[in-house]
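Notes to accompany the following structure.
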Amino acid sequence: MDRSSVRKLLESVKEGQTGLDAAVEVLARAPIEALVHTALDAHRAVRTGVPEVIYGAGKSADQVIDIVQALRARGQDALATRLDAEKGARVANVLRERGHADVAWHPNCGVLVVREGAREGVGRIGVVSAGTSDRAVAEEAAVVAEALGNTVVQVDDVGIAGVHRVLGRLDELRSCRVLVVVAGMDGALPGLVAGLVRAPVIAVPTSVGYGASFGGIAALLTMLNACAPGVSVVNIDNGFGAAYQASLINQGGTPS
Amino acid sequence: MDRSSVRKLLESVKEGQTGLDAAVEVLARAPIEALVHTALDAHRAVRTGVPEVIYGAGKSADQVIDIVQALRARGQDALATRLDAEKGARVANVLRERGHADVAWHPNCGVLVVREGAREGVGRIGVVSAGTSDRAVAEEAAVVAEALGNTVVQVDDVGIAGVHRVLGRLDELRSCRVLVVVAGMDGALPGLVAGLVRAPVIAVPTSVGYGASFGGIAALLTMLNACAPGVSVVNIDNGFGAAYQASLINQGGTPS
Amino acid sequence: MDRSSVRKLLESVKEGQTGLDAAVEVLARAPIEALVHTALDAHRAVRTGVPEVIYGAGKSADQVIDIVQALRARGQDALATRLDAEKGARVANVLRERGHADVAWHPNCGVLVVREGAREGVGRIGVVSAGTSDRAVAEEAAVVAEALGNTVVQVDDVGIAGVHRVLGRLDELRSCRVLVVVAGMDGALPGLVAGLVRAPVIAVPTSVGYGASFGGIAALLTMLNACAPGVSVVNIDNGFGAAYQASLINQGGTPS
Amino acid sequence: MDRSSVRKLLESVKEGQTGLDAAVEVLARAPIEALVHTALDAHRAVRTGVPEVIYGAGKSADQVIDIVQALRARGQDALATRLDAEKGARVANVLRERGHADVAWHPNCGVLVVREGAREGVGRIGVVSAGTSDRAVAEEAAVVAEALGNTVVQVDDVGIAGVHRVLGRLDELRSCRVLVVVAGMDGALPGLVAGLVRAPVIAVPTSVGYGASFGGIAALLTMLNACAPGVSVVNIDNGFGAAYQASLINQGGTPS
Amino acid sequence: MDRSSVRKLLESVKEGQTGLDAAVEVLARAPIEALVHTALDAHRAVRTGVPEVIYGAGKSADQVIDIVQALRARGQDALATRLDAEKGARVANVLRERGHADVAWHPNCGVLVVREGAREGVGRIGVVSAGTSDRAVAEEAAVVAEALGNTVVQVDDVGIAGVHRVLGRLDELRSCRVLVVVAGMDGALPGLVAGLVRAPVIAVPTSVGYGASFGGIAALLTMLNACAPGVSVVNIDNGFGAAYQASLINQGGTPS
Amino acid sequence: MDRSSVRKLLESVKEGQTGLDAAVEVLARAPIEALVHTALDAHRAVRTGVPEVIYGAGKSADQVIDIVQALRARGQDALATRLDAEKGARVANVLRERGHADVAWHPNCGVLVVREGAREGVGRIGVVSAGTSDRAVAEEAAVVAEALGNTVVQVDDVGIAGVHRVLGRLDELRSCRVLVVVAGMDGALPGLVAGLVRAPVIAVPTSVGYGASFGGIAALLTMLNACAPGVSVVNIDNGFGAAYQASLINQGGTPS
Amino acid sequence: MDRSSVRKLLESVKEGQTGLDAAVEVLARAPIEALVHTALDAHRAVRTGVPEVIYGAGKSADQVIDIVQALRARGQDALATRLDAEKGARVANVLRERGHADVAWHPNCGVLVVREGAREGVGRIGVVSAGTSDRAVAEEAAVVAEALGNTVVQVDDVGIAGVHRVLGRLDELRSCRVLVVVAGMDGALPGLVAGLVRAPVIAVPTSVGYGASFGGIAALLTMLNACAPGVSVVNIDNGFGAAYQASLINQGGTPS
Amino acid sequence: MDRSSVRKLLESVKEGQTGLDAAVEVLARAPIEALVHTALDAHRAVRTGVPEVIYGAGKSADQVIDIVQALRARGQDALATRLDAEKGARVANVLRERGHADVAWHPNCGVLVVREGAREGVGRIGVVSAGTSDRAVAEEAAVVAEALGNTVVQVDDVGIAGVHRVLGRLDELRSCRVLVVVAGMDGALPGLVAGLVRAPVIAVPTSVGYGASFGGIAALLTMLNACAPGVSVVNIDNGFGAAYQASLINQGGTPS
């Protein structure tokens, strides 16, 4: 029951066409089906300009294409994650053939961005990774953060085994309003970085490693136990989630 | 915003004291704060007669006493779980001193029931336990099931190590509409029982055991993997939850 | 030793052809081999009309076809679960070629139903799922529930990340006598639903997710720890088990 | 080697008292022992006004008192966490006896704050808790957040078992720049809240629960797998860490 | 329904006092309640001389005393396990005061044996332990094995860190028909011993250790993965179970 | 240093060719290199007739063929386990082509037996399995037990979901001197069987199942926690190990 | 900022071209970007002769070739680990075609070594393995240890199931300065060896095994709980890491 | 059978008192009981000067006193670990009363050292700890390392949250031949240190922490996954084991 329906009901009450009790009944029953929906969903409208996110893992190429086109038809940007190489390439090709101008397909991290025109990023989100094998997750974070309208500063290969590397890039790290720090194996980098900056650190454990890394559990636990305060953690390999959280923080000038 | 407030608003609209737009605005903002609350909470009213449940673990004796008295003042029955021996005894004594007539304190399972007058149970819920050490949890289930208005059939010490024992009580088991089956250590009893009856089985793993019983995990896993269909499982030692679920099933003659 | 054999023995005793001691001996030895069997298996007869269930995972297509045909020859319906795409299609084709009329093959959830004639479902079982990726398990539950003779109400994509979606379908949820609620990742939906209805909720964790979802363990634990009472849980991805339990509850008018 | 030492060395070089090679040698060896120290620690100076944090768990009352007094002597505020009831009371009494004016001891959450004068909080951090048993951790978060100079909005007892409760307080939740959401048992609240607001959610699992809650692991996993984006997680019972992170976010107007 | 009842029924049929149909009905219903019971329990009679086992953990001293006296009144020996120091001493004292002659209380392993007269053990069961801290469990195994009528050979402190110790006692080990091998920490002893003897090895992991011994899990896993064949494993600290199994093997000359 | 070398040394001492000190030195150094070897390996000689076991998993077909032929050349039987379908078939074919008479290849359980002439089994080992999917492991146990010279009684499909099935075969179970009981999923069968027989039960958990069966961990834990005494457990899917242990028990008439 | 830059700055100060304050400022800012880097990286220079290690797992053949050539161009040796069969063969072939003389490709353990000329190893590192299936990891350790300039003594197939085997090779074991001991399944070998030698033992668990070996966790735990002192442990299957550690120990004559 | 017994036997052979066959028989049987013992234990003699280690956890004060006195009577030093405060103080007092001169009792880490006269340590072992709460374990390592005859360099409170602290002490770290690095919570310090030095690092995880530190598992996993090579790990809280291993490395100039 949207506002115009409510208005019509009130007019009808005012004009005596609907009795008071009947109108009360309608309104009492309405909230669940309609008003609630409206009220709860309303805060989404404020997010205009933020692309809608499509979780690509369980969908076919055709399904992704359809959703993207529907979004574009409404003038909305689209961001699809977790597309494998073949599916992503196919989606990108078809969309380009059908005339979509700004299709960016990132095969290393399986992210596809479709939007209209260039957009200037705001703030600065640092995306930091420990080793070369963590780069796919870091790239997912970076691509998503940019697609959500942020400026991204990327700092790679600064694992703690060679601490001079991360110290050598302190200026870049300290220039950011929030940092996404990605690490597998021992997962120690976020705690080290948090001790060096004032910005909040969103830590992303990766499934990189073998044996007792247990597919990222070791890194996850390290991050949850980081000695330096200022670290919070997302799921293993969840570059998208970290970037989304970082974007909320970076752009969070005003409450919703 | 309850029904009378809505009615007043509509009258005001009808009488021209409130404009249409203003009224739409009020109603659009209201749902979250009031109507939703009303709508969502409404189904609780249907449950009249069901005692309110107090989780006693994190509360002081005085807090429990206060809540019970408040409930009784509204004419509502009270059921408190997970009270330790000392706290429960104190609550029971104080309530009796203050003139509450029907205070039943079950020290073995830490449950306290305060209600008005006797009540005839309906249906039949079987509460079955494997060993003597599982009895505290079984008793929690039985006391709660009775307090919720069900007739309870108790079958104890029918562990699978002596299968003739459970076979010897098949008639009782088969007379029930739903069974709560409680077992620690190997947790095998619910699967055995489910193969012998047509009623649904709610399985309760207990933390009884040592070593590789891991505080009930072994029993929990056994139950989740029960070969016989017709078994669902609640948390370790959660006699209350099983009884509550069994009561919903036993009394579930009509949808909410 | 069935009833007619026992009767014959008694006649023989009565007519003096068998001595008392010999007859006692026969009866004392009989139970394990025969009477027990009869007694224990008797309750299965009551279940006439319920299809026999074939666990298809470890069987060849030919084995499944043979079992189905044997069941059909006895006039019994058949329900096979966990058939992969190729095996299920082959079984369905062969059965149709051999003249079986009512063969329903559900490739998304790997369930095959073979029965005679249409059948009206009774009661209402709600099958609720959180996300699109949980649908295969939800479909298994729905197909099985229908095959077991229940009316099914399906409610999809009502995950807790958008709580207005589940609130918008409260009427459907509340119309059911029992709910099967399917969710992966955080597994939070069953606890939310249980707080909104009076019917028992059978929760099914799914293996959907990545990283710290640990193949469904995260969802399983969430459900076992659901704050709302009225939730019991089955094994990860066990749509069949949940539907079977729900059917027992839905049809549980009379004890076995 | 601080700046004045470097200056002296340079003067000595300029005046010819120290040779070039000797000076190079001194400077090359110096960084590790001194310059590095200075450079890395410099960013702490910016944090003037933020109280120094004392992890009270492994320290005696006397040790805590000494550290607090040393900090106060430098004009710095002090914040001690994880003090048990007895130790905290003793520390508070002694400090008051010795004339420290503004000693706030919070026995429920074991936090002690010693600072000079009142201070106006900035921004708005929401601290939300699911059940009464989660309140100690929520209080730790709230006290710490305030001590770090933030305005705190507290929203208690809004667990998902009664979803109308959290919906009834949406306005408060939406008024905050960042939310700390505390929950034990099923840990589902942060994911629900994140779907209702635009602010980042810092989730805190608590060790509240029994059986398969595994001391907070169930809640931790639920939060890491939250379906709604915008959730990051800290260690079990780590109210302090969540508040610290939230404070960085709330006050993060400018990069370090 | 025991044999004499069946005989009476048959007489009654023979004499025409009971009709055939009525008798069939009685017999058909009887098995579950009586005949089954008899048949299944019959094999226990063969075990005359074996003491009845009382699991003492969840019982009061008075309960244990009552059970022991009831068993002794029937002329049966009694064996109680997992009694703590105080409870066991009290039970032993009371039983001695009441004139029970042969009361053996083993405070180190919490086992109490009450039997009549001395008994010669048969066969040879070896009970081997790795370190001094494993001795309580080894003693439980040894005391139980003796109480069950076996000769016990005890070999202590032969951990693998000094392999010469176990090699120095090979003759004793090889003189046994079955070995119970008890070890905590790395749990490596059973696998070593199994490579040195021809007898079956029953391995008992103990909860001795710290850190990554995880209360005996490390030892349990080691034993399940023993490279030498001829090792089977019981629960952590389950000296009783190992001795019982070893006794079945040692005395297993003839099938039941 | 074998006995003849020692004898030669002694002769040399006796004849004065070797001094006492030199001989002492030789003997003192010898043990590790030779005598120990001899002494420790001696007990293997007693096992004549027992086939040598080849763990086939990490070996090529050619390697297995070579080892088998070497064993046969010495007149020894060979038993290879964990060969996959292709490798096993190839080994069997080549061996047959090369004239080995008695080559038995069991593709379902990956076991190959090569021996000379028929051999009468001794004793009776029961191999019991719960469901059809556990049969591969049960077959491994049965084939190995027979190859080791035992008579095997096989009892299949007697899972606890239909307890009448196992009760119907009690006579067979009770005729055995030791039982190998194989079960996946809930793993409850061994505990049930142990309560029905007097023979020791060697329990084998299988990796059959899904979800919370965790590849056999659930069944393993159930078995370790079996309420009935007389159960010991081997590694998941380790049919070979159980058969080997059962064979030691079955044939264990005399100590080594 | 290297030494020559610092020298130039000092000259400039001396000659009055740069003011004291400006120079202090430059030096104060420099450390992080340059001096630190220099200081921290300096100790690498000492390691001349040690090949640079390339973690091959996440790199393409071409990337590995490029890195190797770059290293060789600088006159440095190269060591690549975790190359699969195809990638390693390709890298080796290309490098040989391009004229690299000393290319050693070890397909069993995936290690490639490229160096100039033969080199005499120092000290003695023992590499001991329990079973044939552990040999790949042992070979990785041996090849790496040799490439790092050590003499390697290899002792294979000395698992504890036949303890005479390891005793028979004591002299070799005792001739080494440090031992790398590799074992899967029960992982008991390192503890046994540590009790027999005076050298430190670096234990390497392998993922060899099935069922409750949990991919090497069982062996890892055994080693962490080894009863004999003198054992430390590296990650599962980490032959490289053990060899590297052993090399540091073997060559550790002088502090860095 | 010691050397003198062997000598006597040979004399007896030489003199014709013992026949050759009888002597061969004696020697063939002897090795296991005696010669092996001698041979295997011989290498212990080399360790003269190293104190014997008493694991104090499961022993009474009197037992510890007796063992110490027996050792001292043989002129051997004694080292007892894991004594609690009361037991250790009592042991120390009694020993001092009985005139033992050099009794050092370390109550913080539960270690007692009794030796004769002062001894100069050799080499340099660094003992590094991350936080104040890790100090007990670090002290255990330091006290043990000194008691074993090494010079110890202690570096405390250099956790990675303030990386300048560890950098400020590089010279000390680099002066050591081997480092024991102790850390709880995130356990990241050993990996950081290993990247800064050339000496081998023995990492000790501690049980310090809460929540997802899981009693030291998080730190243990971090260390096993350390990105820097040159790290091996001992059990949680095993300061003794790390010191013992470090001592073997530090003093390992010559093979055993």
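When the chains are written out, they are named A, B, C, D, E, F, G and H in that same order, and each has its own residue count from 1.
Just so we're on the same page, contacts are C-beta pairs under 8 Å (C-beta built on N, C-alpha and C of every residue); 3 or more make two chains touch, one makes a residue touch a chain.
Please read all numbers here as calculations on a predicted model, not as lab measurements.
K.L.:
Fewest touch steps from subunit C to subunit G?
P.N.:
Between subunit C and subunit G, the shortest chain-hopping route counts 2.
K.L.:
Enumerate, in label order, the chains that touch subunit B and subunit C alike.
P.N.:
Touching subunit B and subunit C alike, sorted by label: A, D, E, F.
K.L.:
Among all chains, whose Cα centre is located farthest from the one for subunit G?
P.N.:
Result for the farthest chain: B.
K.L.:
Compare the contact pairs of E-H with those of each option in A-C, B-C or F-H, and report the one where over half match by residue number.
P.N.:
A-C
K.L.:
Taking each chain's centre as the mean position of its Cα atoms, how many Å separate subunit B from subunit H?
P.N.:
Comparing mean C-alpha positions, subunit H is 56 Å from subunit B.
K.L.:
Please report how many Å separate the Cα centroid of subunit G from that of subunit H, as a whole number.
P.N.:
Once rounded, the distance between the two centres reads 26 Å.
K.L.:
Measuring centre to centre with CA averages, how many angstrom lie between subunit E and subunit G?
P.N.:
From the centre of subunit E to the centre of subunit G is 51 Å.
K.L.:
Tell me, which residues of subunit B touch at least two other chains?
P.N.:
Those would be 32, 36, 39-40, 162-163, 167, 170, 196, 211-213, 217, 220, 224-225, 235-236.
K.L.:
Following the definition at the start, I'd like every touching pair of chains, please.
P.N.:
A-B, A-C, A-D, A-G, A-H, B-C, B-D, B-E, B-F, C-D, C-E, C-F, D-G, D-H, E-F, E-G, E-H, F-G, F-H, G-H
K.L.:
Which residues of subunit H touch subunit G in the complex?
P.N.:
These residues of subunit H touch subunit G: 36, 40, 43, 46-47, 53, 124, 167, 170, 174-178, 196-200, 202, 220, 224-225, 229-236, 240-242, 244-245, 248-249, 252, 254-256.
K.L.:
Considering the complex alone, what residue numbers of subunit B touch subunit E?
P.N.:
By the definition above, subunit B touches subunit E via 132-133, 162-164, 167-168, 170-171, 208, 210-213.
K.L.:
Touching subunit C in the complex: which residues of subunit D?
P.N.:
Where subunit D meets subunit C, its residues are 130-131, 159-163, 167, 185-188, 191-192, 194-196, 209, 211-214, 217-219, 221-228.
K.L.:
Taking the touch rule as given, give the residues of subunit G at its contact with subunit D in the complex, in rising order.
P.N.:
Spelled out, the residues of subunit G in touch with subunit D are 3, 6-7, 10-11, 13-14, 16, 20-21, 23-24, 27-29, 31-32, 35-36, 38-40.
K.L.:
Going by the contact rule set out above, which residues of subunit C touch subunit F in the complex?
P.N.:
Subunit C residues touching subunit F: 32-33, 36-37, 39-41, 55, 57-59, 205, 207, 215-217, 220, 235-238.
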